[in-house]
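Below are two complexes that have chain A in common, paired first with chain B and then with chain C.
Let's turn to the complex of A and B:
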């Protein structure tokens, strides 16, 4: 115990070692495929062979022995054939007579004792389809949008309107319009998707697997499986990375495995090999975004008009909300009185796009941050002078009419990043297409500045009312401790550690007495999905408040049972009372467990009462809090080969209170590296055959350690005071803004603006050899 | 599932025993060295063979002999070994550089020069550097040694001039002597990368005059190729700025690049010329 008993130890703000590090470093953590399940059958998904077609028939080869396998088709779905995510359009399995909308759309699930047999059986199923002409790419839909807008199929529309756009353009001295494109991105978690479903005697199911939102399957498969939420129990196994890829997709996988499991009465496990995982699980949405902006000679923005179209793939799934987050970030970080943003989700005959770190925001920020540099160039201003003038700060009003609070590090992020990187000087050294004295490579520096809205969009958190509990329990050593019971999942980001820190501080308890078991919907309240950079901010607050709740109960108990009514307080793992010898935590907790059987603290999250949100008009307080960041990228481009190297990245970030600076910096480095891949390497498109063209690790290229630049990461802390300890959301932000900083640096290096990512040697070559050579 | 799970792998003790096994196995005689190519192929579409013969660590295949004019490098020598074999560095710098760009440390420790050549990928990292040496492949069989020039060894996409009963024993590679060598790999990233294009060159200049030039490319056609038209154009000419520009343009004109997932034909064509220029400007 600490010597200075009067000074409670604080863990928040310190780089505590990860509580899950030991097992993971030693290779002792058991992931789904490490767990030896007995008598589990293996499931294989049978898929549509075409990108679009009428499903004529599904025939089983009569020569094959089907007695050893179970085949589940749409006919075996107990209820309605639908996965109800954000609409009710997507069937669980394609149905004979209906239309198949993407290559790989599941039409049957085969299960057998061995994976080999199941795979073999799947090969003896014939899927007869009358092929129809598909619409495969975002490019095709954007062409339709431009030429014949009435024929453009949007699965969801949403507009943001602020002020008077026509007036804004009328006031402008100049108008600049440009388009920006970005392609798919694969999450590439190390552990592939995997689920095992155990049918129970009472007709319910227990699903276990690698997922980040345990309550999603509980609430999204009720209709097809004809099971109420309490009959679908979901347990998390250790997750080997997710990045959004295990947000909505595992629901579908649970559905696929549940059908043969319910049909046969046997547990069924489905895990994907890498190739299948890349081909048939959701990617980041490709985007086309067009900005038309009006501005005055002094740099004042008078009008922003923006069209933002995502490629949603064949079904909506969750793309509406991705688009919402996207348009909310399209003009968030700058002062402008007249704004119109139109968001659309295009339908294509491809795998539905899905959640990926950033969730629409990186696509938006890619566009606006490239465009801000283009405006600066048009005005003859430096990129930083323009942003210093225009960036949003406390008291400013966002496009949806939200007034930004004082808990806002925007200005400090921008200034500190410029200063730490010596940006002004570096910009002057940039090559602009001509090697300067002493340069053997083109050099350029680029800036981006942006915000990320933390937690659910709009009144999402107000409606959701996330809940969590901490409970007194005997730990595995038989001595009392505390269990954290929330549905937030550890997927590498460190939540088990930082919640342990938060609870330890709230209790003033040794973190070794705190456990955070894997989420299990049978045991944990619904604190919401592990998404939207909401976990530290929202669920961290729940853990904090629930811990204070239980602590107060324990102090009252100690006062009554040990200190004769003298007021007790728990500090540094001991109960203290005036004039009394302190008692260890375990003594009081043990007696409490003996007498009461159980004790727990609970909290349900609420937003401030004055929050306003109009979902129809998309007006009001779009996020409870905002994180801010400025990035500076420095690049070198080889004039012989057009090879691009990002040499240094400066990132200054306000995500409110930092719970664990080492984990936070690690998360930023990881996210920036993921953003680096998005910007300069990760290239994937829907091919003519309806499949992703880069579907193996051999062809889908992500950065290695050797490709990462030198990182200078600095935090400034403007905590979210409404929800102590005051984090504002960090998970997604590092993915948001590096791509445009790199594109801006490339422009500084070669004097040409590239408007499509990834920026590859080939695209730099094309830009340098483009006969038009125009760069507004 | 391990890719080698159902393969019966034999481990001969020496080359003679391996050759006997190969002679008996005929066309089914799959050889396995480091496994860095085959193991990947066997889990991604190519059905694994029922049996294979390991040539990993066969003593006769692991030797390097530095001789007067040339160097004999055993087919079983790993890329990591080449990188560490300092006595050969000044004689074959392009090959050593190429070996250092293969995959990453783990693959370099396991992958062999013979395997890289036998795999016959147009993107084999060592191929261009081998080609510019004008060296030969020594193929062993029970009948003795057959020596084939490297320039004739890759006969088509993933095809080599070797009979089923033959094992690549070694490479005979002439030292560069007074020539200058250069190697560049343009990968999709800095490690674990298959190249978009590679170039190796061995050019000898005496008194401002190009005596001989060998330039080879990888990842640009069905096989690794020599730019013979450019080489012939350069030979015997004084090295001038105009010559470099002419050679760059000739290279761009005569090369016939492929387009694939890793790059475009236009980029490959352009960068071919740039790499020829780069080689000539750094003599």
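Let's turn to the complex of A and C:
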């Protein structure tokens, strides 16, 4: 046999075509609203009409015929009226006698045979409330924080302390302080939220719908529904985009639908239309971040003091962890011995903020990367010279005391991005508020540099110990193959494809014999939620190891049953043994299934033993691994209309081993485009009526094909060696750093620094025409 | 509301339609015919997920009342586009280029791209961007979609000029 022929075929590293794409391009994939359910009732949520008030009564219009509908209120909750996300404060439904804390807080669910009837009935329910003065915006809470800090209500506090801040400021030649703001951002998955709940004869429920984390409802609704985890079964339908928006919120929808379903014994489906989806599902947290930094004339950073306040909305839900991830990214990428970062989650009377790609990190990186340019300007250094000097690299210590490993592409990302974009030259060409010869628009180039921690924060993965399985099964053609059984959900990011590649390589098996059924908590072990840029790194490793486990069992079986004890190995879909004719995979797998009934490989993820984390002191190894990136944005600004166009983005990225370069590039292009929207288009705030002031696609504007720039994307690979195949986090990182690169480019273009995103033509106009406009 | 009775040509076949004049075309396609390729994303003609071709023009079917469509109207949905050569080339190119992520916008996107290629078989990247500007995609950032339309266009036979 020639050497070439004996080389097992490798899929990892190749752009295999997506396993789920055929149905999608043909319009055949059935998302939740495409599935024809029979006898399913439709649920409608009844909501608080005020941002804050005492809930006096809920009355049903006596003139309406209620016999055809079912109404569920807090009184119908079988158990304790509390959903346990990260604390136990949020009720499933507002209760008469209690206080309603945000406009739109659910107080009842109506279900009927048709959506029309349910909607009509909901209109005949009166929610009586005695209004109380609300606190609506982050701006108001930050005013309180500054003027009367004792009155500031924080739902969660956490501080990071490194070194001696006073000493750091004493050593500084200069001190620079500045504040940065960012507003809400809507995930805007194109498929709206939706869930259907089927009550079962044994009192349990089966829920299916568009969600990221099937085990969340299983573990979060036990108290209100009085059902143990094994009596809440959840499965995924094809997800039309999520981006964090279908992380924690679907738990609420399962709860809302379950109440009328359990009360009536009928399946109940709740789907939102766009307006309701934008108004009443969680957004990215607005942020206020203040940096006070001390530095020497040569650029050495001697002190970083940072306050980072998120608008959590009315309940904590998962905001504590968003804030944790945020503060861990506030000063992560730079060398500094003296650091204090204080994280807070403000309570406001608005819809609880929630998960959105990046999870606190984009807000932090928005602040620090704007501020680094401001420091460079103060010093008269270029932004890239300052970052080249200060950027963290292998062996450096993070603010929590973690020593960065060698699996670290920081320096290469920065240097390569500068080189590919010819940044130094482009910076010299930047207008700085004066049109240069040949320029009809202001031109500017801006840089950002950052890291993103992959997987759960701190000891999350160590405690969680995610599990997964692969199993032999007869596929739909009757022949044997392999099923991947993990709880990671496909939502467009490509996990079904890359895990097929990983399993195919581990087995050395034709990927056509591998299936990855939709996650179903009745069938899959808990490999954790599909969040936190953890899937490729953690669950990819589980699939790899579980496949190797099953492969070893199969090789032992083949040796015993087919090769008379001769050692067998599976390669290129055949079992080989010395001096024997190879046997096809299906022959051995089929006999194994016939004789054993079932066979599976299993793996449980454990972090290396030397990982340390102190959650109380917030010290130690905050993430198992870090991805790195440098972005360069180029902008043009019309001097009359102040319209801004981002013309080119260069992104050099280390996310470890690339499993599928086409899918990886697609993740980056998509994430950068969301970040572009965050930076210059997507404007949303809580209005005086307690509702978001942009709640339709006519008013909430996301990038179209005409708004996206040319992308130059380059990967450099520093794999995470502990967990083959070695991916680090990819999903969130492209959302993290483009906004500050654009703001820095705007500063280079017009000579003024804008400290609030989104940067709009209006805000550019104001900056250009405000004589007091402070800069840097 | 008045009831209408019409005969259209849908995906190449004659269909008789009866119903309230104000009923949305999208609902008729999805509910009565189970043509689920057209999706509802916003219900107000902004996102393009429900795009179908009406007499060769891409239109948001969520804002088209069936009463507005005269007898003889030709409608093409994703289920019909794939029977056309350019439709198949687009589908293939979307697969090869990695232009699909969650997939929810893709049928509408392919319909708009198909309409473009029918009137301009060799569009520039700028023309492709303009033709797809009514179809929102939140996953891909459009780069690979534009690449896919370009690839499909390059595989279409060179158009011969009509005499």
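One rule holds in what follows: the second predicted complex is superposed on the first by the 771 of 776 C-alpha atoms of A that agree within 3 Å, B and C clash if a C-alpha of one lies under 4 Å from a C-alpha of the other, contacts with A are read in each partner's own complex, and residues count from 1 in each chain.
Throughout what follows, a contact is a pair of C-beta atoms (placed from the backbone, for glycine too) under 8 Å apart; a residue touches a chain by one contact, two chains touch by 3 or more.
Bear in mind that the values here come from a model prediction, so they are computed numbers and not experimental data.
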{"item": "Overlay on chain A: chain C relative to chain B, clash or fit", "value": "clash"}
{"item": "Which of chain B and chain C A:669 touches, first, second, both or neither", "value": "second"}
{"item": "Which of chain B and chain C A:706 touches, first, second, both or neither", "value": "both"}
{"item": "Touched partner set for A:299, first chain B, second chain C, both or neither", "value": "neither"}
{"item": "First (chain B), second (chain C), both or neither touched by A:13", "value": "neither"}
{"item": "Partner chain(s) touched by A:681 [first = chain B, second = chain C, both, neither]", "value": "first"}
{"item": "Per-residue touch tally on chain A - higher for chain B or for chain C", "value": "C"}
{"item": "First, second, both or neither for A:696, with chain B first and chain C second", "value": "both"}
{"item": "Partner chain in contact with A:765 - chain B first, chain C second, else both or neither", "value": "first"}
{"item": "Chain B versus chain C as contact partner of A:643, first or second or both or neither", "value": "first"}
{"item": "Offending stretch of chain B which, after superposing on A, collides with chain C (from 7-15, 61-69 or 79-87)", "value": "7-15"}
{"item": "Residues on chain A lying within both footprints (that of chain B and that of chain C)", "value": "696, 698, 702-706"}
{"item": "Chain B to chain A touching residues, read off their complex", "value": "1, 40, 44, 104, 184, 186, 188-194, 196, 261-264, 266-267, 270-271, 274-275, 277-278"}
{"item": "Chain A residues touching chain C - in the complex, by the definition given at the top", "value": "15, 17-18, 20-31, 33-34, 36, 187-192, 238-243, 273-274, 491-494, 662-663, 665-666, 669-674, 696-698, 702-706, 708, 711"}
{"item": "Chain A residues within the chain B interface of the complex", "value": "115, 275, 640-643, 681, 693-694, 696, 698-699, 701-707, 761-762, 765-766, 769"}
{"item": "Touching residues (chain side chain C, partner chain A) in the complex", "value": "30, 34-44, 46-47, 49, 77-79, 82, 90-91, 94-107, 110, 128-130, 132-146"}
